[in-house]
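Both of the next two complexes hold subunit A, though its partner changes from subunit B to subunit C.
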Partner chain A sequence: MSDSAIVEAARQFILDRFLPGEAAGALTPTTPLISTGILDSLSVLELVTFLENRYSIEFAAHEVDRAHLDTLVAIESTVRQKGGRG
Partner chain B sequence: MSGNALLVALAEHARSSPDAVFLVEMDGRTTTYGALASLATRIAETLREFGVRPGDRVGVHLRKSVDAVAAICGILHAEGIYVPLDAAAPAARSASILVDCGARAVLTGGPSGEVLRQELAALDAAMQVHLLTGVGGGAGIQEWLVQSGVPVTGTQGGHPTSPDSAACILYTSGSTGGPKGVVIPVRAVESFVQWAIASFAPNPCDRVASHAPFHFDLSIFDLFVPMRAGASVLLLDDSVVANPRLLVECIASRGITIWYSTPTTLRMLLDHGRLEETPSGALRLVLFAGEVFPLPQLRRLTRAWPAPRYCNLYGPTETNVVTWFEVPPDFDFDREPSLPIGEPCAGVIVMVEADCGGMAGAGEVGELLICSPTTMTGYWNRPDLTARALQKDSQERLWYKTGDLASRDERGVLHFHGRRDRMIKRRGYRIELAEIEAALSHHPQLGAVVTSTRVDSRGQTVIVAHVTLRGAERPSVVDLKKYCSAHLPLWMIPDQFEVLHSFPMTSTGKVDLQSLGTRDPGS
Partner chain C sequence: MDFTISAEQGELRRRILEFAREHLHDRAASPVPDTTFPRDHWRHCASLGILGLPFPEVYGGGGRDALTTVMALEALGQGCADNGLIFAIGAQMWSVQMPILRFGSEEQKHRYLPALCCGDLVGAHAMSEAQSGSDAFSISTSARRIGQGYRLNGTKVFVSQAPVADVFVVFARTGSDPGPMALSAFLVDRSTPGLVVGPPTPKLGLRTSPMASLTFDDCVIPESSRLNLEGRGAQIFRDSIEWERSCILAGAVGAMDRLLNDATKYARERHQFGRAIAAFGAIAHRLIDMKIHLEQARLALYRAAWEKEHGSDGTTLGAIAKLVVSEAYRRCAILAMEIRGGYGYTTDDVEREVRDALGSTIYSGTSDIQRLVIGRSLGLKLT
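The block that comes next holds the complex of A and B.
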């Protein structure tokens, strides 16, 4: 099964912005992003701004954390819960 | 309480106003001066029972909490030296720091505590590991005290601690590949606290936000200045320090009056925390240190929140704050080239040394030398590095050579001009690029590693690791970042990696860093 559009969009954003030169395949839907240092605290904030703008959703202050954003799968689920459509 | 001068104020407040709140955690739990003082006394008794003697090093590997503050005070009460560690850093790095300083014991807790215990066991380190079950609100340390079963005697501490004895060791990135320990004597903390009290007049109604982690020198202010003033401290732990919206909200809702952080943090509040749409509440003083604050963002900040005083504090970990600049209301953001680092704090002498050795003239750039009562004793167990950094003049005054470049203008105001070596500042943390190179050089697929830095369009420092391969196999960037996260703190992980066949060389046969640094590995 191919990855959802949300996973794909988040993957592309992270690759372009934070992993220039990396092959798309290296970033799987379950690769930990925050605990591995791929995304640091400032990168996470940029990702949130990207997701908010793209999907017209809003993150509450306490949702900007590892539980909601550590993998592409978690990101997709968070975006969907907020009514974002891929 | 003990003879440690740093705790005299704690004991006094505990006597005169035991029910005054000292610590506030994010979940709203509070701890009074009376409760903290009694906790510290019991921790000290227990540590002594466990064999901690004056001058012994004791690691504090706990997330920011009442437990961590109580541990620090307890260690000082026992006349020990506290060694604060980053509980979020790789266990291997924390373990190597504990081994380096020959710690007698470490107080740790939570999942990262268990990992640290295993790491120390693997190193065969002869060190007591006190694993707290649960950290927060002082509950973990209370339970540890009960489990330890040391009877409460309420005995007073021993002799007055000498002002030259060490209070703490703060580990910073080292140029020889591993972190080095900056030994901070009681006298230095005392001098700094006295200057801060005289300059900012904190009082018992103040509420100070403790944003910096305890292993970062900014925390000396957060802990000991409010303690002296009888003020309260809001402990911002890992769950909120990187969450700008929560931080901005809590400044007004928690009645914060004094804020001290890096410019990076304040920029994060501006760019991602909706600071400009949020009231500043009772905030009266904003202090920042650790790196250069770009003027456009500082202008936005002071316009959005015009009420507080804004002060740029300058000083490396080795000396703590030695110069400061209060941003005047009429500061000309358009005409000033950068934010000055200002004038020396009371009791501090600074000198700008020209390359030829003499004192630099007005406007001339040279190395900044500092003679200050807030200066470190030296680097732990590194007399070679200490001798290079601290030098006596003919009047027996001790000068610290900062490695920072500065100039003094006609008005006597100091300006910062960067570094003379390969140390960089990123998000307020200082980083020796050699430490990153040393960590990456052990990667099985990498040959040589050279790092360079550049500043991106947002004014952020970007670290680029240029690597050559050992064989044909090329690790992915994700693999390299994962590898780094196991060996380096998050703030030291390179942003970009560039794989090269070989490094460009200068005519003298050295790696051409300048040429490496100007390339864009992303393209």
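The block that comes next holds the complex of A and C.
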């Protein structure tokens, strides 16, 4: 099964911006991002800005945390809950 | 990418250069130095549209693109030796007006931007604290919710233009967790009870850009003074510091041009050992190095401004511009001083130019911090 468009867009953004030179396969839909330090607090902010602009959604302050953003799968479900379409 | 100066850009530069040479003589360099904030010059620049250059016309701006704007500010720095004034103009444009434009409500934009662009209001940016400088997001100034507003407590330091500013962009902690969404930004008017501006902070250079600390002592502000959503402070800061790093040293590139011209003239006129000192290889090489620094700095500046408009990596190119221009500016000023021998060290103009230039590798993030930012874009995990 191929990954959804949202997973793919988030993966590409994270690879380009924070893991240049890394193979796409290094980032699976369930690779932990925040707890492993792939995303630090500044990168999380950039990711949120990217998702908000791309999907015309808004995050509340308390939603920017591990529960909502720690994996590509979690990112996708957060974006979908907010009405973003892949 | 095309950095050819168009007829329109050339005309704007010529106009600003002439204006600066004619009207913005530098009082700090006069025999009796006057280091007060030159409000008349500030207003004059504003009336020429300089503060509003890249801002939309509906908010009192000139609607220019980023590249045209830095080209124009470069001409201002070339014509005007009051580097403190030029720094103050840049600080307000990029760290006060830009966050209001990009994150403010329509009401906030209409209330503040036209007045800031036309020189009626002076704005300042308050992030740094005694324990939080490079590690900007570690600030401890707090904004606690109370009814329909917030109560601010804490102290900010290094606030440029605080002694004369009418409105402050203030960053404070609204959340208790250490996460990235714990900070918020506010627009605080000077007259707000509980806001105390400290005495002017003495400093090495840029003395016409006065600096002070700000203390908030149970300073109550309405919810409507918050810039954007609660928790957006770090994003607002990141966005505005990116503009600042990309553009704030535009005037410095003009200053380098001015320093090089003056130094070349001096080296041709000053004679030692029966010859103009420009004929000595050591002096010629200093002039040549100044030219190289100038052209590298100019390219880095234009490249970053172009990226803000057309590219997607403003963070990295802004950090590179900030680092390249400030380091080049410092070196140019010191080379200009050396070319003048003892006259460069005693209090003629160049001594002050050196003092003004030295701050540039510190404000808007030190060169060490720019390297961290550039390293991050390479995927290096640095702290």
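Side notes on the structure shown:
To be clear about the criterion, the second predicted complex is superposed on the first by the 86 of 86 C-alpha atoms of A that agree within 3 Å, B and C clash if a C-alpha of one lies under 4 Å from a C-alpha of the other, contacts with A are read in each partner's own complex, and residues count from 1 in each chain.
Operating definition for what follows: a contact is a pair of C-beta atoms (placed from the backbone, for glycine too) under 8 Å apart; a residue touches a chain by one contact, two chains touch by 3 or more.
Not measured: the values here are computed from a predicted model.
Once the two complexes are laid over each other on the shared chain, residue contacts for A:Glu58 go to subunit C alone; subunit B is not touched. Of the two partner chains placed by superposition, subunit B and subunit C are both touched by A:Val44. By the touch criterion defined above, A:Glu22 reaches both subunit B and subunit C.
Of the two partner chains placed around the shared chain by superposition, subunit B is the only one that A:Thr31 touches, whereas subunit C remains out of contact.
Overlap of the subunit B and subunit C contact sets on subunit A: residues 18-22, 37, 41-42, 44-45, 48-49, 61-62, 64-65.
Those residues of subunit C that touch subunit A in the complex are listed here as 137, 174-175, 179-182, 229-232, 234-235, 238, 376-379, 381.
Residue ranges on subunit B touching subunit A, taken from their complex, read 239, 241-246, 249, 264, 268, 271-272, 427, 460, 476-479, 481-482, 484-485, 490-491, 493, 495-498, 521-522. Every residue of subunit A that touches subunit C in the complex is listed here, in rising order: 17-22, 37, 41-42, 44-46, 48-49, 58-62, 64-65.
Within the complex, the subunit A residues that touch subunit B are 18-23, 26-27, 31, 35-38, 40-42, 44-45, 48-49, 61-62, 64-65.
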